[in-house]
Amino acid sequence: MNPSFIALVVALPLLAAFLLPLVPKVLRRLVGPLVLLVVAALGMALWQASLSEPLVLAVGGFRPPLGIVFYVDSVAALFVLAVALVTLLLWPWGGDASENLDRKQSLTLVLAAACAGLTVSGDLFNVYVFYELAAVTSYGLAAGSRTAAAQVATFRYVILGSLGSLLALIGITLIYFRSGTLNLAHLADLAPQTLHDPLGLAAFFLILLGLGVKAELFLVNTWAPEVYATAEARVSALLAGLVSKLALLVVARLLVLVFPLPEAREALLVLGMLGMISGEFAAYRARDIKRMLAWSSIGQLGAAFIAFAIPGPAGVAAGLAIALHHLVVKPALFLLAERWGGSLARLAGAARRSPLGAALFALFALSLIGVPPLPGFWAKYLLLSGLAAQPDNLYLLAGLVVLVTTVVEAVYLFRVVGVMYGREAKGEDAGLTNTGSANTQPASALAGSGVFAALLLAAALAAPLLAAPLGRMATQMSDGAAYVARVLPSTATLSGAAQ
Amino acid sequence: MMHILIELAVMPLVAFTIGMFMVLMMRKIAAKIQRRVGPPLLQPLYDIVKLYAKKTQSSHGLLHDIGIVMAVGGYIAAETMLPVPGMNGIADKAGLLTLAYVTMIPSLGLALGVGQCANPNGSIGIARALTAMLAYDIPFVVIIFGASWFYGSNNLIEVIAAQQAGGIASWGVTKMPLLAIAGLFTLYAMLGKQPFEIYVAPAEIATGPMVEMGGKHLGGLFVMQCFQLFTASAVYVSMFLGGGENWLFFILKLFAVVAIPMSMAFVFPRYRTEDVLAVVWRWPMVLGLAGVWLVMH
Amino acid sequence: MNALDLLLSLSALMLLAAFLFGQTRVYPWLAGILFTGQLVLLAGSDLPMAAGVGLEIFGQQVGWQLDGFGRYFALITIGAALASNVYMGGEWGERYQADGHSLRWLHAALAGNVLAMLLLLSSKDLIAFFIGWELTSWAGFLLMAQGGERALRAALRYVPYAMGGAMAVLGGLVLTLSWTGTLDLLELSRVMSTLGNGQLALLLALFAIGFSIKMGLLPFHLWQAPAYAEAAGPGTAFLGAISARMGLFALGILLVKLMTLSRVADLAFIDGLFTARDLLAWVAALTIVLPTFTALKQNDARYLLAWHGIGQGGYMLLGIVMGDATGSAGGLLHVFNYATYQAALVLAVFAVMHRTGTADLNSLGGLVTRMPLTFLVMLLGIIGLAGLPPMNGFVSKWLVYRSLMVEGRPLLFLMTVIGTLGTILSVYKLIHNTFLGQLRAEHEHIREAPWSMTVPMLALVILAFVTGVAPGLALSWVAEAQAALGLPVLAYTLGGIESPRGSLDMLWIVGVLFAGFGIGALLFYGAGGRSKRVHQLDNYAGGHFLSADVRYHYSDHFYAGLMHRIGPLYRGSFTWLESAVASATDLAASLMQAWYRQAVPALTLLVAAVLGLGWMVWR
Amino acid sequence: MKLAASPPNNVSASLEFLLQEIPGLRTKWAGPRRLRVDLPAETLPALLELLKGRAGYVHLSAISCVDWPTQNEFELVYHLWSYELNVLVMAHIRIPRDPGVYLSVYDLYHPAAFFERDIHEMFGLYFEGSPDMGKFILTEWDGPPPMRKEFDSEAWVMNQFEWQDYRPDWLAEIEAKGGGITTRPQDIRKDGKP
Amino acid sequence: MSTLQSIPVVATKAEKPSGGTGNLLANVFDELTAFCRSRSLFMLHYCTGCGAIELPPAMTSRFDMERLGIQPMVTPRQADILLVTGYVSTKTLKRIILTYEQMNSPKYVIGICSCTVNGGMYWQSYATAKVLADYMPVDMYIAGCMPRPEAVISGLRELMANIRAGRSDNWRDYYRRYDHYLGNQQRLFGENWQTPTDVIGEARHYGQFGPETLGEHTALLERHQTPLLPFEMRLGLGGEKTGVENKGDKR
């Protein structure tokens, strides 16, 4: 498995996105899925290879500290695979005018490319470029549903996103100013001398805020509920499920390699707790499913932030488990919410008309809460056991927050289940619910969430088997020195030269 | 084994006869207080024989009859658990607490029987009777706790033996004065006479539970009343007055224990149900708890 | 495939079968056979039944093993499930299906509950325990949610309680893992008692809160009455009989096996004056009294019995907390006793509902002449519930009383007796308003409940009577449970217990009682003259001519006198507490939502950035 | 009866002045505070409203009925009382016997319902507009109205019941000593039967 | 015209103490029950008319009925003597008959005051029943327009003597000649007069069914009476689907 294939993972979707309009109309619909299938195959191959030993690709032959480096360890490979698969499942198959569909499909392909790039890129500037690319394409997709509400929400999202990117850029420049390099491995090597001071921490915080916009970090996630509520469910699923995880992954990698300091972890922990509390409690009062799912995803990402704040491989393992679990559950819920949008009252008695949809919703709710046989429980168990192992009281407080917010989450999720399995709405709002096929799920949504459900159940049954690879991935990702050794063969000479 | 069977028959008979004379004593006391001559010596017997000799009786169903059978049968069983001079029955196999529960079965049986009479007076009477039972059973149980803690066992035979060991000095009343007073007050409430007879209020609910009891049903209840008087006073005597060294003292103590409350009873009007609760939960309860505290420390 | 694997796979098979063809006529028979098979398997195999199935995940061994304590509860679970299954298979099931409910889901819920409880009872370590605990909660939720709109609402009210309890237990589990390094129950029983007082107190608090929520101890008991009352008929019987007792099983393991009662007694609030063990005892005592007197005021038979379910739980916990041989034997025996007569009572109430259509105590009356068998079941049931001699309820309550008397706890003893008297009053109200008094005109032609209902009820009540007359039969299982748990084992005989300080021999007591009844009957039927049955309108009413359309049955506000005295004490403070917590969550939620509706997000971003920087730089 | 110019000062004069408004009304003082008023039947409601409205006659204490078989008339007497004037007014009216119907004053004085119901039961006089004309006291009686003069109670009793000859031995002893019943029952009875 | 003496008292052999013939034990037992019946009389505390004001002085300390074994009881089920005191208005007579039928026999009726004998002071009134004996068998009259307590006590003592001697068995007469009494009652109350007590059923049950129990009056009663048969405890088992079966099984 020679390293050059890594570049394909990013280049292929990008190429396909721009060449899409030129392809004859007949083949045009097949280009996207085909490309994604190839990327998925590549991803699977990369994952097999990187499990034993991470792969490095210096683009264009320039030696690491100068040129662009692609570093693929098992976590990155897994996320590439995830990007390809989830984008394929959430692919805009049709239902629109053809030129509008072209635009959507190409934007999605660009987004896929950007996400793949984010996971594999080894240096900060590259990360920033791909992040900007992902941000812009998500603006385009979010406004895709052409309703006024979507336009306004996306506009607010654009303001926040760009401000965030600005802050990230300032942070990156600060780092470059202090350390003289942007390559992650080199930074990891130089960080102890140059970046472990208040200025370095300030740079980290700025990058955290910048990337946090996309990862729905507490201070900067006010855009999320509106965008997810108004955008197409497919787009919201993509953004909430996939893209936010990648931003989170980058922050985690930065935390592990460059800033393994307690202050940084503490910041992440506090923001994660606030995110979880605000997300879950806001969802408790939500009266409309999409907004509720939006707030619930903010809460879940808060939990992921808390998880990554735990030092050592335990933290990374918990973070990965929660991220992957949310990656599977949230898009499925958004797909279900497509036809069930709007106020909860419309859902009265929905279970009678679409029993499978309601059963899937209940299954995902159970897994989100962490009812044992389902993988959600193992994720929560890892998170809590990680938190309990820490001597610091702040971690115990975080554990308490996780427990309390889970109860709140259970209440609002099962309030929806209760409404669905309750009796039909009578009288005046009866007309509201059964407007034609309002309550029946379209085939595509059911198919999509069915696949996710199958994934979830497979993970539940094979939990013991998945535990080992997860552990290995966590140790591999949290081992900073190995990263440096792998990317920069003779560190001794280079550090001298760079001074 | 054989002597238990004999005692099973003899003890209730003895209890019934003593109970009958207690009823007579009660009516005589009432008469003397009201400056009347009072009933002849065997009046309770005449009443019971007349009731059983009734030619026509109206019954409201099988349960109405079984209620009376349970009432009388329950007390017959309870008598065998009460040690009397010379006969211990099955007192060693069932302690004080079991006796308190076995005496609840007759009232439950009566309640079921009256229930089937489908007479609102009866139902109201039973509701009040059960409330009164709730009232006086709580201090009674406190006293049982105190006594059994003091004697170290709730087996009546040992309780009596402990008291008779040292003559009057080791009687319950001398050792646990507060509990004895509380016990007497509770006994007074248990007998269901004047101030505590809200559930038999003749003018208001036509003798409550007994409203549809005629002939042998009422006869059964008169027999139960005799047993009730005997059992209550016998339990008190066994706990506080050293049980029966011989029959003469035993009977004297029994009549004394019943005479004291009865002499006060007929000058009182009648408490309402909530006032019965108030009185019985205030004085005997406080005395009982204080007595128990004293006994334990 | 050893015994426990067979047991678990059998119940898993039943869950699948119930889900697939639960609504057919064949399934109840199959389920009956399977349940009896499980019972025989359980009773027959020797202990401890180790299970082959197990998994190793994240460095923890997760396995299943059934010991004496678990088996005692498992027997009761499967017994209760068998009784409700027979009840469901008969005419009740047909009527339930005719009313539009799904019998398949009810059978699936019951089978799911049994499977979950078996998993919980046979857990070898805390993770398996937690898996079983959560599955039992959610299976319970599924069983409660059957049977209509009010049932669903009551079940939804249970969700926050269940999740709160589960999260407390999970928190405790995780802390135990970090402090002791192991999760296996056997090792924990050695290691946990060596923890410091502070750590032990936190663990006790977390676990005790989690377990007492399911058991319905005092502050967390509000969900249980509506949830158990509104569930479908046999569901209520099963839930009331055993579902809440899983909390007791967990508390038993926690207090006795893991932490050992002596260490629990060391955790003192005011240096030795009021220890954690006293706190548990007093919570149990209050749980006996308050729900029982709430049951007294209920006007619906199902709610009355559900409230009593909570009350009787207090006896069981009090017995175990006492810890001596008689007390713990009484507490554990009460689990079995209560399961038998409670299931019978609930099935009887539903038989009445099946025939008359309502369980409202103010619109029934006089059914004894029309449903005599159901009346007999309810009569023996209430004698058991009230704890009077011939029935088994008396034996277990007597054991608890005796241990309180020997241990010298007067106030606790007083509370239990107040609870018992309250029970006697409220059960008489139940049987009087339903079966005694004036038979309504519209109920004159109803018939006795069908065989499919009367047989399980009678079987349960006869079982209760037999174990009442010869308590030794049940005490053998209890002794085995005590040994498995590490409690001092009770020396029992067939009739009760022998001890100089006051013994109990039910064979003699019940024998003498029935001899007394015989003599009474002889006196009544022999000495008395002929008596004639009269119509219910041939009644004394102060000279007034009674007529069938006038309703003179005294049922509403039954204990008016008592209520005048203790009426003001019903302040509903717990309901106020629950609504306070609910409104606090609402307030927090609206605050959080306000954060997301802010007008200018960019401004907050900048302010946040400045604050963050400040925090990072000047830390 | 000419209208006096100025309203007289004392109570009785002012009452008389007031009553002049009713045509065909004759007043007669039966005592210092008792005024008998005779008026035609159809003007009675007007009188009642006048007295109630202008003279405070809020209390209708009774309606009594007198049976005049010879003149084939019923006489109804309405006893009214005023707490201000403290004078009892007895309004006498005569209505013919055969239709035996008169209008009810229930709307003015609610107690009239009972008086009218009683009179209906006892005299058979029907009051239109009275709330309840059902049986009042004699629930078991289905004979003619018993208070009518033509109803002979003793004859009805003689027809309905039989007597028993009660000659207890103690009466024989007294008679032996010369005592005994002074007025024998047959002397009391009109038809002379023992 | 029925005179008191002419009322046929049916002398049943069991009740009459036949002076030592027949087996001693049966005799002694009847002797004992007759004695106890006479020594323990429960008087129904039901004041039907003005004469009842004489009863309290007879009960309290000056005359003290209790020494004779007479106690006031509240409900007819418990009582033996029904004291009909004072005038008997038609309305009250209905309640008296209901109460009389609810009493357990052997039961005795004492007509206190002259109004129960021949109508007394209200003999002309259309509203009162004149002769109590027409409606129920009367055992003892205590005449007087309110007899003094001594008279009441002496009347009671005479009744006790009769009971002791077994002569006071008129309660059987009500069963044996029920048609006569029912006729008089229907004459006064109209044809659809009915009491909840099933007197004919009781007559059959207790073996007091004489030739005159049934007649045209009871036939009249049979036609319009809704049968008030007691609810037998029946075991209507069986798998009928609907809750309400065997409609209208009018027994």
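Letters A, B, C, D and E mark the chains in the order given here, with residues in each chain numbered from 1 onward.
Heads up, the rule we're going with is that a residue touches a chain if its C-beta (ideal position, glycine included) is under 8 Å from a C-beta of that chain, and two chains touch if they have at least 3 such contacts.
Because the structure is a prediction, the values reported are computed rather than measured.
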Chain pair with the most C-beta contacts: B-C
Most remote chain, CA-based centroid, reference being chain E: A
Between chain E and chain B, distance of the C-alpha-averaged centres to the nearest whole Å: 35
Distance between the centres, which are taken as Cα means, of chain D and chain B, whole angstrom: 63
Chain C-chain E separation of Cα centroids, rounded to whole Å: 56
Where chain E touches two or more other chains at once, by residue number: 75, 77, 94, 102, 202, 205-206, 230-231, 233
Multi-partner residues of chain C (at least 2 other chains): 366, 368-369, 439, 530, 532-534, 536, 538-540
Set of all touching chain pairs, with the criterion as stated earlier: A-C, B-C, B-E, C-E, D-E
Contacting residues of chain E [partner chain D, same complex]: 1-4, 90-91, 94, 117-119, 123-127, 129-131, 133-134, 141, 143, 187-190
Contact set on chain B toward chain E in their complex: 27, 31, 34-40, 43, 45-47, 49-50, 53-58, 60-62, 202-203, 206-207, 210-215, 218
Residue ranges of chain B touching chain C (in the complex, touch as defined): 8-9, 12, 52-61, 63, 65, 68-78, 80-81, 90, 92-98, 101-102, 104-105, 108, 111-112, 115-121, 123-124, 126-128, 130-131, 133-134, 137-138, 141-142, 145-146, 148-149, 152-155, 158, 198, 206, 211-212, 215-217, 219-220, 223, 272-274, 276-278, 289, 292-293, 296
Contact footprint of chain E on chain C as seen in their complex: 91, 94, 354-357, 366, 368-370, 372-373, 439, 444-448, 450-451, 454, 530, 532-540, 543, 545-546
Complex interface listing, chain E residues touching chain C: 46, 75-77, 94-95, 98-99, 102, 195-198, 201-202, 205-206, 228-241, 243-247, 249
